[in-house]
Amino acid sequence: MKKGIIIFAVFLFWLLLVSAMVSLPPMGSPENPAYSHIVPRYLEEGVEEAGAHNIITGIILNYRGYDTMGEVTVILTALMGVLAVLGRENLLHHTSKVDESTIERSVIVKCVVRLLVPFIILFALYIILHGAESPGGGFQGGAILGASVIALTLTFGFSLTVKKLPLKYRTVFESAGPLGFFISGVIGLFCGLNFLTYIIPSVAPAYQDLIRHLLLLIIEIGIGVGGGTIIASVFLAMEKVGKE
Amino acid sequence: MIEFSQHCPVLMTITLIIGGALTPIVSISRKKFSFWWAFFVSLLAFFFCSCAVWRLYTMGPISYWLSGWEPPYGIEVYFDYVSTITFLMTALGILVIVYSKRYILHDISEEKLPTYYTLVLLILGGMVGFSVTGDMFNLYVFLEILSLSGYALIAITEEKLNAMASFKYLVMGSVSSVSVLLGVALLYNVTGTLNMADIALRLQQFGPTTAVYVALVLFIIGFSVKAALFPVHAWLPDAHALAPSPVSALLSGLVIKIGIVGMLRVLYCVYKLGGPVDFTSVTNFMGWLAAVTVLVGAFFAFFQDDIKMIFAYSSISNIGYILMGISLVSFTQPERGYLGMMGGLVHVFNHAIIKSTLFLCAGALIYKTGFRKLSDLRGIGKKMPITCGVLTIAALSIAGIPPTAGFICKWYIILGTIEFGKPIFAVALLLGAMLVFAYYIKIINALFFREPNESITEVDEAPLSMLVPIIILAIGCLVMGIFAYLPLAVIRPAAATMLGLPSTYLPLGG
Amino acid sequence: MEVYSIRPLLAPMISIVCAILIFWRGDNTFLRRSLSISASIIKWIVVFSMLPGSLAGKIYVTQLVPFTPGISILLRVDALGMFFGMVSSTLWVITTIYAIGYMEGEHARKRFFAFFALCVSTTVGIAFAGNMFTLFVFYEMLTVCTYPLVIHEETPEAMKAGRKYLVYTLTGGSFILFATALTFSLSGTVSFSQPGILSINSGVGILAVLFAMFMLGFGVKSAIMPLHGWLPSAMVAPTPVSSLLHAVAVVKAGVFGITRVTYNIFGVSLLKEMASKGINVAYILMWAAMITIICGSLMALMQDNLKKRLAYSTISQLSYIVLGVSLLTPDGAAGGIVHIVNQAFMKITMFFVAGAIYKKTHKKNISEMHGIGHKMPITMATFTVASLGMMGLPPTAGFISKWYLCLGALDAGQIIAVVVLLISSFLNAAYFLPIVYRAYFVKPPDGDVTTDEAHWTLLLPCVICSLYVIALGLFADLPFVPLALVREAVKQFFVL
Amino acid sequence: MNDLTELFNKLFVNFNYIVAATLFVIGLYTVIAKSNLIKKFMGLNIIETSVFLFIVSSGAIVGGKAPIIGEGVSSKTAFVNPIPQALILTGIVVAMSTTAVALSLMIKLYEQCGTLNADKLKELK
């Protein structure tokens, strides 16, 4: 009975949504308003204006950089949320299921992970730094960075990671995302321009391109390092179990 | 100064956000230092906000282009008259942070202090950013920042029921956020832009399609959940009652108002009265729901014994007032909706002040006695006269007794309903107010006029850092009522511009 | 002629400041007493300093804060406001003396005196209100400030009475709020003016609804049947509260509101115009008043508790005033309004006596008061004077009001009203004289007839009030008595 | 008949959108009807994914390439709309963050109450 009502209500909602979807302009056509209004400028001038061949990166970091600042703040908020609910790990009081497991981890896995992790981190750095030119960017690279820490933890145990990545440094790195934006954005502000402006004509006009690259790089690294550390911290907070 | 104040809307947002992000770093070695840092950051944000408000009322709305890209290519921050609510947010933020200094250690361990203050600053930053943005997607991003910090702040204590309340809020809140996102996506698909002003322009150009209507419905559903309108209010009582008291004050005072601000933005800045979409059938329906909300909230509050639960239900009732006020609009004659709009908007401010006073007072009582049930708190008024006296002022205020702040909204909404030709709403409002007063008098009776509870011994007045915020807020309750022309002068242009009238519009009684 | 002056504001502020000081330092008995008495006397002086000007037709105005365009918190002392303000401030002085004696040894005296002062302050605010909005603000404040006094005993019975009181009066307040908003919406102003602010163009139907709402609202506090239920139960309050608030301030605030609405919001000409179009709201109000007069008296007959009997008598007497107001003739209005002061002094004497008896002998019921006149001769003598006044016998004050009421009724051609007034006089006699008889002519059960009067603080107010009742009757036509002020007010209403 | 053909035409042209709508309501049903909190939350993720699907579809262009512009810029329609992609990148991050908070809440709930069934949790209260 209750299910029937829910299904009926949901069906009505479906009809509502479908009626909206049907009335939308046809998908995939270049004449759509979504494509013809502001996109042409992005595609035509984006490389020049935003300083990135990857237009998406240009939009994320430059045209809509403020959104991305909000986005990295959302990740930070998520970490703070996890910490608020579960609390930080502490080696004195916590251990993890990996450490408590009675099954010996295979040598093969250990060896492979030991070998691979440096390359994974290198790959992550490549993705972070190369975001302006090819698919990738801070978020993707950060996720890979975080994944490498998770792989390490799963094979070598909780305590190793916690010791190798001490809380003191992680606390700083976690906030790197918003801080990167702040550092890059506030320079424009001091020069009398709007927040998050990367082109500052009043300072060294000849090196504009370089300055912009540098600032975007700071942001990318901030996002990547921040994202990676946050993923690692979230994982550690969730993985921990209390010692008896 | 002019040059500087131009930047203020965005400065206050980033101050709060970056301040929040820095909190764990500055308090690595001394956890308690996070309080002073948060206090400093909130003061700074308040300063920026004051500058922005000053500029707004001397030179008109501020349109700020992030990264220097002109809209619709970049993101626009638009500080208009509705954004004056940020003034309240930052001011209340300072008070809540000061209040937390002593209180919060009652609920959480010292370990979690930086986390707590980070979340408070982030929720403030999210709300401020939400209220000043002129971009639909940016609206969604800030909505998520504040929602996520809200969920986390509820669950920060170790109490058993908090995680459940938070989860309930999270599920409903996420569904509502996603429905807002789908609305944004639909509008983007139809118009090809994300800037609010540009969407409004291009909607005019393309005319309404089904998708535009459906997007409106999705927005209304999404923001109704955030504001706890009647059929989707179920998350509110648990979440607001179980959270630590300063958090309850923030949630009940400000966060539910985000739903209102969102509706104002969508209805009156994007769809616009006199625009392509006649949304008055939706607002009419919303008005009826609001009337029901007023009664439902007031009715359920009557059966609660937990003091914070009562306040939480009364928040539902008061959201009903606000929504009733802002939904009394006529599509073709915008000036007919003016008085109701004034009532709704002024109550956004007044309810924030009053409800946070109530929650902070309740927190002081809980902090000192450890009890939260009315039947246990009986007779405490003789031991904590200042806290209970302030609570009484706030209770009278929320019941709409003149000359306190809560009365103004009653007056305006009743005028609005008469002007609009729907006196039945006024009946719901007055009935709701009567019920509200009935249970607040129950509280006052219990606090002052009943035999003291013997198990409460050696209880004295709350510490100074808790008393100062609640006394300031109580003075606010009285001043906003007696010198009502001050808040009204601030809100008048907001109500007028929402309805598409000139900001100096002033009918008789406005 | 309007004169700007700070005094209309000063009058309510004095008691508010007094209340705040009592809250702050009221634990000290001496300080509390001296604060209460000095504040009441200063206030009396301030109010009376405006009397000569008021009699000369001056209107004192203080503009307080603006609220919105067209509305501000405005204090404006015209003749009617002056009259009511005078009554309440005079009686505050007397009641304060009485309360000091009566409250000796009671609990929570600090709270009592502070809220007492607040109540008086709001009553004067009602009296001096210059528009409906201000009146409503003070009216609601009065409701709230009275609540702690009603439940002063904190017994279950008192709490129940307090709840009942709030439910009745706040519902009434909601009606007034709605009606005020409607008035503002119809006419664009809520200021009291001569002769009224509404016009017939708004439509007779909506005006009738508006009038009905105002009457339902103010009818609660003026205890028009069937809205009177709260008044008898509120008698659980300490006697000073019953006497000042439930015989003078609160109930008269209701009656005062009715007068304001009838003469300053609607106006005589508009009401007559409405009557000519078929809806005679004043006539309906008159019938309601007459029914209340008779029913109230009949119910008073059935009470054994002295204070309850006085309460029902109050209900009946209040409707004299409403009756006078609803007659819409100069003499009727004069009779009604002057009854505000006459009834106040007579009823307050009776309540003082009831309190003194209770304080001395702990007797509440009339059936126990055999021979009380032997024990407390002066007290009972004042009671006798007041009862004669209630019956309307010359030369007491009651006669003056009845005389004018009858004149007004005859002017309006309502013979039935005259008949009702006469019947009511008999009923008054029927429920007051047995008390007097029992007090003097029935021997006390223990045969003890030694004189044992109450404390002088309780006795003095009784004597002053009863003397004043006679004085009001004897010297009704001197220049500085209430009647002169009432004449001035009536002159303003009827534009004579 | 003609109308019906047109409707079907539209349904097929906007096929992705219809799928997104369907996924949305499937997710909604899961959120409302299932009592297991994990399932509820999976429903929520389905809803989020459906919206991402919708957004990214609305940026599609027939024959379009990824908007990474090399040296020789070809015709304007050679690239897909980059804005929706930028938007869902943000959207995905937000969804991930919500997931993290929700999972930690569930961990705590399970530690405290020993169950993740909404009905049983209500009884425990």
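We just call them A, B, C and D in the order they show up, numbering each chain from 1.
Everything that follows uses one rule, which is that contacts are C-beta pairs under 8 Å (C-beta built on N, C-alpha and C of every residue); 3 or more make two chains touch, one makes a residue touch a chain.
Because the structure is predicted, anything quoted here is derived from the model rather than measured.
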Chain centroid nearest the full-protein CA centroid: B
Pair of chains joined by more contacts [C-beta pairs], B-D or A-B: A-B
Remotest chain, subunit A as reference, centres from CA atoms: C
Rounded Å distance between subunit A and subunit B, as computed from the means of their C-alpha atoms: 30
Between subunit D and subunit B, distance of the C-alpha-averaged centres to the nearest whole Å: 29
Distance from the mean Cα position of subunit C to that of subunit A, given in whole angstrom: 74
Separation of subunit B from subunit C, taking each centre as the mean of its C-alpha atoms, in whole Å: 44
Multi-chain contact sites of subunit A, meaning residues that touch two or more partners: 17, 20-22, 24, 32, 34-35, 38-39, 42, 64, 67, 70-71, 74, 77-78, 81-82, 85
Junction residues of subunit D - those touching two or more other chains: 24, 28, 58, 83-84, 90, 94, 97-98, 101, 105, 108
Multi-chain contact residues (two or more partners), subunit B: 137, 141, 144, 148, 151-152, 155, 163, 166, 188-189
Pairs of chains satisfying the touch condition: A-B, A-D, B-C, B-D
Subunit B to subunit D touching residues, read off their complex: 137, 141, 144, 148, 151-152, 155, 160-161, 163-164, 166-167, 170-171, 174-175, 178, 181-182, 185, 188-189, 194
Residues on subunit A engaged by subunit D in the complex (per definition of touch): 2-3, 6-7, 10-11, 13-14, 17-18, 20-22, 24, 26-30, 32, 34-35, 38-40, 42-44, 46-47, 53-56, 58-60, 64, 67-68, 70-71, 74-75, 77-79, 81-82, 85-86, 133-135, 139, 234, 237-238
Residues of subunit C touching subunit B in the complex: 65-71, 73, 136-137, 140-141, 143-144, 147-148, 151, 154, 159, 163, 166-167, 170-171, 174, 177-178, 181-182, 184-185, 188
Of all residues in subunit B, those that touch subunit A in their complex: 3, 7, 10-11, 14, 17-18, 20-22, 24-25, 28, 64-69, 72-75, 77, 111-112, 115-116, 118-119, 122, 125-126, 129, 135, 137-138, 141-142, 144-145, 148-149, 151-153, 155-156, 163, 166, 186, 188-193, 202, 206, 209-211, 213-215, 217
Residue ranges of subunit A touching subunit B (in the complex, touch as defined): 16-17, 19-25, 32-39, 41-42, 62-67, 69-71, 73-74, 76-78, 80-85, 87-88, 168, 171-172, 174-175, 177-179, 182, 185, 188-189, 192-199
